[in-house]
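Okay, so here's the structure we're looking at.
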Amino acid sequence: MNEEEVTEQLKRDFPKGVSDFSFPRKGMLRFSADRDRLKDVCTRLKDIGFEQISLISALDWREHFECVYHITSYSFGIVAEVHTEIPLDDPKVDSVTPVWPGANFHEREAYDMMGIVFEGHPDLRRILLPDDFTFYPLRKNFREGE
Amino acid sequence: MTKLWINMGPQHPMTHGLWNLRILVDGETIVDAEPVLGYLHRGVEKLCERRTYNQIIPLADRLCYVSSLCFAHAYCLTVEEMMDLEIPERAKYLRVIALELQRVTSHMTWLMAIGPDVGLITLLLYCLREREYFLDLLQLQTGARMNQNYPRIGGVSQDIPSNFEHKAIKIIDKFKVRVKDYHKVTNESSAFLKRMQGVGTLSVEDAIAYGVTGPNIRGSGAKLDMREHDPYEVYDELDWEIQVRDEGDSLARFHVRMGEMQESCKIILQALKKMPDGPINVKAPLRPEGQTFRRTEDSRGEVSYYVVGNGGESPYRLKVRSPIFCTMNVLPKLLTGVNVADVLAIMGSIDVCIGETDK
Amino acid sequence: MSGLFDLGGWSREISAFVSDILAWLADLFGGWIPWFRDVANWFRTDVVIEFWGFVIAVMIMLVFAVINLLVVLWMERKLYGRLQDRRGVMVPHPWKKIHKGTGFLQNMADGIKLVMKESITPRNADKSMFHAAPAIIFISSVMAYAAIPLSTTFVLADLELGLIFIVAMFALSPLAVLIAGWASGNKYTLIGGMRGAAQMLAYEIPLLLCIAGVAIMAGSLNPMEVVAAQQRTSVLGIENWYFIPQFIGFIVFMVAILAELEKLPFDIPEAESELVEGWLTEITDIRFGLIFMSKWMKGWAAAALVVLLFFGGWSGPFFPQEVWFMIKTYIVFAFFVWIAWILPRIRIDQILKIGWYELVPLSFATILIAVALKFLSHFGMGWF
Amino acid sequence: MADKSGLMNYFLKPLYVSMKQTFKSLLKPETILIPFESAEERAALREGFRGQHSIDWGRCIGCGLCSRVCPNECITMEKIEVESTKSLRSTQDEKKGVISRPAVDIGLCLYCGFCAEYCPTDAWEYTTIVELAELKREGLVLSAEALRKDTEGEKVPVANKIEENPQLDAETCIGCKRCERNCPTRCIEMVPGPKMRKDKPIPNPKFDYSVCVGCKTCVDICPSDSLRMEVR
């Protein structure tokens, strides 16, 4: 499968919930997924043949959070970049750790740094910072000494 | 017998760096394991949000103090792609040479660390000796031994001197002779084999699912190398082979890395021969915009940067994927059921670097 | 050649001389105080001379042990430095500030440093046992020196069962390892102590069986007799050093004695990369120093045992017996060092497997060989 | 890869290697006793090494660009009073007889080389001196005088390596001329601007971009924030 075919497949499977498909460069597929359909999209991607989760990055866009999933398919040579918007007042998203066990530490790190709660994560604790920290340092409204 | 939680770390000879491996032992057998990270967290991602794009390069160097050039290069590559920048051909070759030199030194560090792990301190000193020669070469090229700050957005900082090729050939020849000695000390002595063989077996499926990359996954039999899979610089023009082993145990990972060192030497010599003349730097815009994700092959695995720029002097968000951080994920699975002494052989073969893990 | 030092005779002479002086002093004042004359006579009795002679001999042996320890330590550090392509210890001359040096005084400096270190007793430690363990280890390894003869004359205690005594002193240390491991109240030390006990149990048996093989051939357990038996000419026309007929036994003995010494391929009780320092983790200051010293003392004693059993003891041409003996022991010790610094540590289960599955059967084979040779020699067609 | 077990196979090859090594290093160990033994080969390899800094005062114009690009902010500009300014290349205020020259806290320096890279007159240089250890932290702060190197080299043309230039927002400029006075390369000339005050045009800076080094001094010093840096 190449990028277009994956796009077609996803559009067929999810008439609603995925949007904004674009191809930044060869072997790269970028699209957005709704927050509540994210896990289904990821499960579908895994079934298609995206074997490994490379990176989960959490972004603070001031108006909303965003989770960016980079999912690799070594057999097709494609990286899928899935953007998910998360509202500021309810920073929750479904965990993809049941889909890829490798997402475990990435999600813990995103929770640690940005305060996004991954629902369904087996062991959501702080990973890099001490357990008794009460703030999330990578948020844009974080100030030193706060 | 009662089970004991044992802390291997943060101050423990097993940990190469500052981390803690908690293991639950039943006698000498490990029942459960849990890596505890974060002792070396420096908040690099937050720091990057306040530095200009150029000033991040020395910071990226310090992510991993053993293969610093790889991290700085991956950052530059990502930002260049965000800027749509095509760097000169000579700079690409220079980068490849520096990267492969760094890969050899990094693997030498791994080899010298695995020695004391299994109780072979002599190996440490032998490897330090040869690593010094490669650091000399690296210093000749980049101006510093450890944190080189060599790649720039749009090229490299300086050219190689005229006597570089001569010295490189001399040192690589010397190294090839010495590698035979290492093989005699390690994988040709069955005392070493006894420690490494059949220990810490990791299947391909598990390795991929848990996000293991680099030499560790190649030791499990997956022919994955970002230099080949997602080629950057001039790796597709050079003739080299991916080192793959099927066994998936510590010894396989050992062999993969030993082979990679020699492949790196091959690449260096080829690149020196094929390198064209020309400029080594192009001008880069100062305030790029966009978002890019780029993967490169570090000596430990896949290093990716996800950079979001919003037209300011500093990136809006920079996210590092450090290979060992992802590999730590698999530890509970890898370590359950093995002996206490095998932890050393397994962790040694995984090649832990805490600088990049804790970011 | 005969021995250079006559330990017993010399110390007897010294003690007789000292007694004479004391008696002479007592005589001098005897005129004024009558019972001084009795004291003077008491000094001249054999019991007193014998006692002082014994004390002086022990002192000489102790001084020898300590000096030998320094040499052996220095030798090991220098040798493995070169083995690792380093220069080894290089300490400035005590008063001249030059950079190159042999570093012989480095061990003294380390010893002084260890004495000055803070003495720490863990809160959870079983105090009396914790403090007793280093003493037991040190005493047992020093006592092994009592029965080691350096020549026909330089011997402290010429015991009938000398070999058994030496091995018994070696065998005391697992007890102390276990005590130290348990009493420290630390998980690492506990595992280390248990490992130490298991390992030494596995290797004590082949060790003793190999000695049994030699003893059968020599017909005695006295080191003197064993060496004397090796000085006879064998069928090969040379001196009958036992490492030729008992080659298997020699190999097994070397492996077992390395395990007994906790030298590197078998140093799992301390296994510094797994268990920090093993059973030694909590031991600080000069107690650590004592254990460290006793390790090298035992190392030399083990080398001496190998020389006594397999390399003909002090026999050799031209040089005095002691010189030959020291040369041989240092070569054997260098071999220990050489092995220890190039082989990786072997896992505990593998060590026990080697001990029980390979060494014990092989050591039975050595006994069989010894018995067969002995049996054949009754019919005049044997080895000796 | 079969497990070659057997008692002898454990150690024969390693023993051979280490024996070889022992004899080799008994004759000549690879370690060099620096600084007691000669190390020409290694000294040759040190060429191009970034050791201690040295600043050519004949070239330095005191623009402070180095302290701006320094990632660790370890460079401070020291104000030094001088007798004559004739031999010196440039100063921000010749009349006062004050020049500013960089001083480095090498305890903070990470030897990245950006200061030398961005220096518009190539006054920064790295020596190969590596023995920089001091007993006290204060000793690590190298003053401008300690880094001084005096050469009567040829005057190299200034080059803008940061690729940015100041731009004027004429609306807010108050014509105070501080930028003109402080510019290290004299690239600013005050010309009558569009706005008037007391029937006289307010003088506005006009930049000579061929001489400007992009040091941002004028932007930092501007009291009304009417200057900003822009990519050329």
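So that you can tell them apart, the chains are marked A, B, C and D in the order they are listed, and the count of residues begins at 1 in each.
Following the convention adopted for this analysis, contacts are C-beta pairs under 8 Å (C-beta built on N, C-alpha and C of every residue); 3 or more make two chains touch, one makes a residue touch a chain.
In this text, all values refer to a predicted model and were calculated from it rather than measured experimentally.
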| item | value |
| --- | --- |
| Closest chain to global C-alpha mean, per-chain Cα centroids | B |
| Approximate Å spacing (C-alpha centroids) for the pair chain B, chain C | 47 |
| Approximate Å spacing (C-alpha centroids) for the pair chain A, chain D | 42 |
| Chain centre separation in whole Å, for chain B relative to chain A (CA means) | 26 |
| Chain centre separation (chain B, chain D; CA means) in Å | 30 |
| Junction residues of chain B, two or more chains touched | 122, 126, 129, 185, 189, 191, 194 |
| For chain D, residues contacting two or more additional chains | 10-11, 14, 17-18, 21, 30 |
| Of all residues in chain C, the ones touching two or more other chains | 83-86, 265, 341-343 |
| Each pair of chains that touches, named by its two labels | A-B, B-C, B-D, C-D |
| Residues of chain B defined as touching chain A within the complex | 37-38, 41, 43, 45-46, 81, 208-213, 222, 224, 229-230, 292-293, 295, 302, 304, 306, 308, 316-317, 319, 321, 325-326, 328-329, 358-359 |
| Chain C-facing residues of chain D, complex | 7, 10-11, 14-15, 17-19, 21-22, 24-26, 29-31, 33, 36 |
| Touching residues (chain side chain A, partner chain B) in the complex | 24-25, 27-28, 51-55, 57, 59-60, 68, 70, 74, 77, 79, 81, 100-106, 109, 113, 126-130, 137-138 |
| In the complex, chain C residues that touch chain D | 79, 82-87, 99-100, 251, 255, 265, 338-339, 341-343, 358 |
| Partner chain B, residues of chain D touching it in the complex | 1, 3-6, 9-14, 16-18, 20-21, 30, 42, 45-50, 69, 71, 110-114, 117, 126, 163-164, 231 |
